[in-house]
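Got some structures for you, see below.
After this come two complexes, each holding chain A, first together with chain B and then together with chain C.
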Partner chain A sequence: MANLKLQAITKRFGATQALKGIELDIRDGEFLTLVGPSGCGKSTLLRIIAGLEEQSGGDVLIADKRVSKVRPSERDLAMVFQSYALYPHLSVFDNIAVPLRMRWLSTWQRLPLAHWLVPGTRAQERNITGRVAEASEILGLQELLNRKPAQLSGGQRQRVAVGRAIVRHPKVFLFDEPLSNLDAKLRVHMRTEITQLHRRLRSTFIYVTHDQTEAMTMSDRIAVMMEGELVQVGTPSEVYQNPRDVRVAEFIGSPKINLFPGSVTSNGNVYLLGKETALCLEAPLAGETIQIGIRPEHLCLADPERAIFSGVVQLIENLGAEVFLHLHLDGGDQSVIVRLPHDLAAGIAVKHRVHLDFPRERALVFDLQGRRVDTEVAEVGPVREAAPCG
Partner chain B sequence: MRHHSSPLVEAFKHAVLIVGALIVILPFYTMLSYSLKSPHEIETNTGGFFGAQKPMVDEYCVKLGNSREQCTTIPVVYNYTQAFKKAPLLRYLFNGAFVTASIFLIQLIVAVPAAYALSKLRWWGRETVFAMVLFCLLIPVHAIALPLYIMLAKVGLTNTYAALIIPWTISVFGIFLMRQFFKTVPDDLIDAARLDGMSELSIVWRVMLPTAVPALMAFAIFSVVAHWNDYFWPRVVITGNRELFTPPLGLREFRGGADGSAWGPMMATATIIVIPLIAAFLLAQKKFIEGITLSGMK
Partner chain C sequence: MGKNVVDRRHQGIALLLSAPAIILMLVILIAPIAVATVLSFTDYSLGNAGFEWVGGENYTRIFTHSTYEKMLVASLTYVLVVVPVSVLLGLGAALLINSLRHGGSIYKTIYFLPVMATLLAMAIAWEFALHPTIGLINDTLSDGCDSGWVYRLATGAWYGNDPSSSWYGQGCSQGFPLWLGDRDYAIRTICFIGIWQAFGFNMVLYLAGLTSVPRELHAAAEMDGVRSSWTRFWLITWPMLGPTTVFVVTITLIRSFQVFDTVEALTHGGPVKSTFVMMYAIYEKAIQHNLVGMGAAITVAFLVFVMLLTLAQRWLVERRVHYA
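And now, the complex of A and B:
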């Protein structure tokens, strides 16, 4: 177990700057997820941590020790790859045993026939067998130990890859999109398995994914990456409820957050689609265009005269417990998604007009550069009362 | 769905293939048939494939002072015993096997790490080196035979096994073939091996080589066939010492002297020489398919 520090990590590939100064402290035993769209540099960062790629600048510290000169195998971390990367010619047992054999046996002891002649080989092989058995029990692989990877299903291969990582009890586990080759059902299942594994091993987990659901459900903390930068680091609920950047707000949360064009007056009052909102900025930002984000579950049905906007239902997605309404707002080409509990959406059908409002404190305001701006709700005001679903 | 062409087109395709197959098989047919027949049958072109196998008298044996009864055999036995008697064929076969195996092994020891470096490691000048490999593919052996011979003669290596082996130890074809195959091995597999604690050389021999079994088999077939059958190079560097003859050189022993060519024994020798190749090929073919299925690269 160990903590891990990234200090001003940069990486360039020729002309492209893949990482632009990553600063991150990962605590001992933490489950940290690096999440971001594909191509934002997550794998590159993970490979730099593992030592498989050399950073152009900055430092990686594992357990407070600088590891730039330390070879990947000596950094005491294990990695699970998206493609599983199992040795195709070795059985499941041998695949899991490789990291131990490479560490515990001498060159002579690894030779096919000579190895029994070297004293101590038998004892070491017994230790290895014990450790492989322990790992395969944790992952339920006992029945498969003699198979070759080609004879396994995707989920089983995934488990073998995890087994190969856990046998040698490393300080840090790195996962690079380990679930993205699995089907949806298995993905959900493996999600809980990996979380349970973390709880059991109590090691530091760094988990890379482009799937925000995985990030939200599994992690202690999420680090959102965009275009080679860390945009926000925080617990799942912090990142969801209090995104510091419009890209984070858009990336985290499904269905996607609704973004509306807005503006601010010189005294800080926020206007949404030209309507007054009773929201005002804490710090002035006069005369600028802004964006206002409202999550689908924060929009609610309202009386026509009190509603802040109305629209026509284009599509209804019924998920059983809840319903997603896709609306087209009046007078413009703005589309909106509303998430309603099933009962509230009962009478609504396609082509119906619905009227919407939102609790003011839920609105997220972003400036022109996409940075979050803090707002407060005017203490008294007619619109505040009009919010029926606060 | 596969497109089915008309029966006429199919018939034409098959006819072309059959003619092609016949052209390839005909020399083998002749070789095998001659190795079974008596000299008289070969000269008069009678006796069908097997020959009549009428007992015949070995005149050379009679000349040595044996009785005619002792020297009477049937042609197939005569041909095949002559093959072993007239020249030390077993010695030649051993030489051939030793030289071919040594060449292939050393080719592997050179080509596999080279191919790994050219396909999976990033280093300055890699593309240039690969371009040179491609360029070397274009150089015909015969063009550099003379300089090679002179070099070997200068260091006094002619008429040794070394002369037969050393010039072939770097196979650019092998490097090229393995490099193309290694390119298809996922980088993740190599990174996983590095994290598991393997050195680059361990990766080459413990990961790359086993995954490349199909390519290896293909290369083995090319290399072994080429050097087992090679007549040109052994003829150049082995100039007197019969102890070092490879099987194709051994065939010359049956070349016509005063009493004409001994076709029967010669073809028997040729048959014996190709049998190991055919056997090896059949074995390799099985392994080849196994290699593909085991590596999970279907």
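And now, the complex of A and C:
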């Protein structure tokens, strides 16, 4: 177990700058998720931490020691790969045993028949068998130890890959999109298994994914990456409730946040689609266009005279407990998604006109560069809560 | 009942539609083999009105007559030398080229040249090079006899050996081998040319096999603590190349059994039948001596060899090397 520090990590591949100065502190025993769209540099960063790729600049510190000159195998990390990377010709037992055999046995002791010839091999093999048994018990692999990877299902292969990682008790675990090859149901199941594994081992987990649901459900902290930069690092609820960048707001949350064009008057009043909102900027930003983000669950049905906008329902997605309405707003080509509890959406059908409002304190305002701007609610009136607005 | 009629009509159409393919297959592939098998039990000669059945006599001869014993020895020597050497050289060259950062394609092209070149034309070049008196090889070797340090190095004299007891020393005093004219050297020379030609092909197959080894597997091995390339080779490269190796070995085996053009161009099976390989035997018996029955028997024996090899390959492939 150890903390891990990334200091100004950069990486260039020829002309492309894959990483642009990553600064990150990962605490001992923490479950940190690196999340971001495909191609933003997550795998590259993970491979640099592992030592499989050399950074162009910056430093990686594991347990406060600089590891740039340390080989991957000596950094005491374990990695679970997206493709599982199991040795196809070895049984499950041998796959899990490889990291121990490579470290505990000499080249001679690894030869076939060595346990007859080289003293001490038998005792080491007994230790290895014990450790493999321990790992396979944690993961429920006892019945599968003699099978080859080809005879396993995707979820079982995944588990073997995890087994190969935990058998050595390393300081830090690195996961590179480990669930992306599994079907949806298994993914949800493995999510809880990995979370439980983290709770049990109490090691540091660094988990890479492009799936914001995985990031939200599993992590202690989320680091959102965009185009080779860390945009925001925080707990799942911080990142969701209080995104510091419009790209974070768009990436985290499903369905996606609704973004509206807006403007600011010289005294800081925010106008949304040309309508006054009673929102005020804390710092002046006069005369600029802005974007206002409202998450689908923060939009609510309202009386026509109080509504801030109205639209026609184009599509209804019924998920059972809740319903997503896809609307086309009046007078423009703005589309909006509203998330309603099932009962509230009962009477609504496609082509119906609905009127919407939102609690002002829920609105997220971003400036032209996409940075978050803090706001306060000017209006002193009835505080509007989540749907229905009343 | 109506269904049965429709079914039968469908069957008729199916037969009709596949008939051209089946007929072609019978005429082009199966019939010649069948004819050869029938002829192998006769003493038929081209131009003769009829033939006599001789039963298994042709086959008995293959395994008893000294000419055919020499044929089997020559073919097996060629196969047992060329296959392992060219496969190992091909693998070694592929591994080396694969580890290069730059210039890999130059090596690939050069090593692949013998494969692309017409072997008959190359055989003529070899014939010149190997000529006992005016050939480049013996010329170069005897030039070395006059240069003191080459002589000392090649005879092992620098190491304290007796120069006259070494191969090179004897070559200097008694003349270098006739290569293609000496019964001890001819088959080795033919093997050497076979290796020279086959290994580039094997190298290309191995290079293709190497590209299919996933990059993540190497990364996983690195994380698992594999430090030497020796261990990495046995843990990843060799097992992952299993299917390639089976393919390469089978192809090289079959091609080695089929060796003909070098023998025809350089030695005509001689001297003293030391290079009398199977293909050349078929050619000599069936075409030159017009002993079609005998030629057919060798052909069938050859087919059986190749068939056994192919079955062995299938068995290996299905059991051992395909992990998925």
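By definition in this document, the second predicted complex is superposed on the first by the 377 of 390 C-alpha atoms of A that agree within 3 Å, B and C clash if a C-alpha of one lies under 4 Å from a C-alpha of the other, contacts with A are read in each partner's own complex, and residues count from 1 in each chain.
Assume contacts are C-beta pairs under 8 Å (C-beta built on N, C-alpha and C of every residue); 3 or more make two chains touch, one makes a residue touch a chain.
Computed from a predicted model, the values in this text were never measured in an experiment.
Contacts of A:149 after superposition on the shared chain: both chain B and chain C are touched. Of the two partner chains, chain B and chain C are each touched by A:72. Shared-chain residue A:85: touches chain B and chain C both. Applying the stated contact rule after C-alpha superposition, one finds that A:103 touches each of chain B and chain C.
Across the superposed pair, chain B and chain C both touch chain A at residues 47, 50, 52, 71-73, 77-79, 81-83, 85-89, 98-99, 102-103, 148-150, 164. The residues of chain C lying in touch with chain A in their complex are 214, 216-217, 219-228, 230-231, 235-236, 239-240, 242, 323-324.
Considering their complex, residues 186, 188-189, 191-198, 202, 207, 210-211, 213, 293-298 of chain B touch chain A. Residues 47, 50, 52, 71-73, 77-79, 81-83, 85-89, 98-99, 102-103, 107, 110, 148-150, 164 of chain A touch chain C in their complex. Across the complex, chain B is touched by residues 47, 50, 52, 71-73, 77-79, 81-83, 85-89, 98-99, 102-103, 148-150, 164 of chain A.
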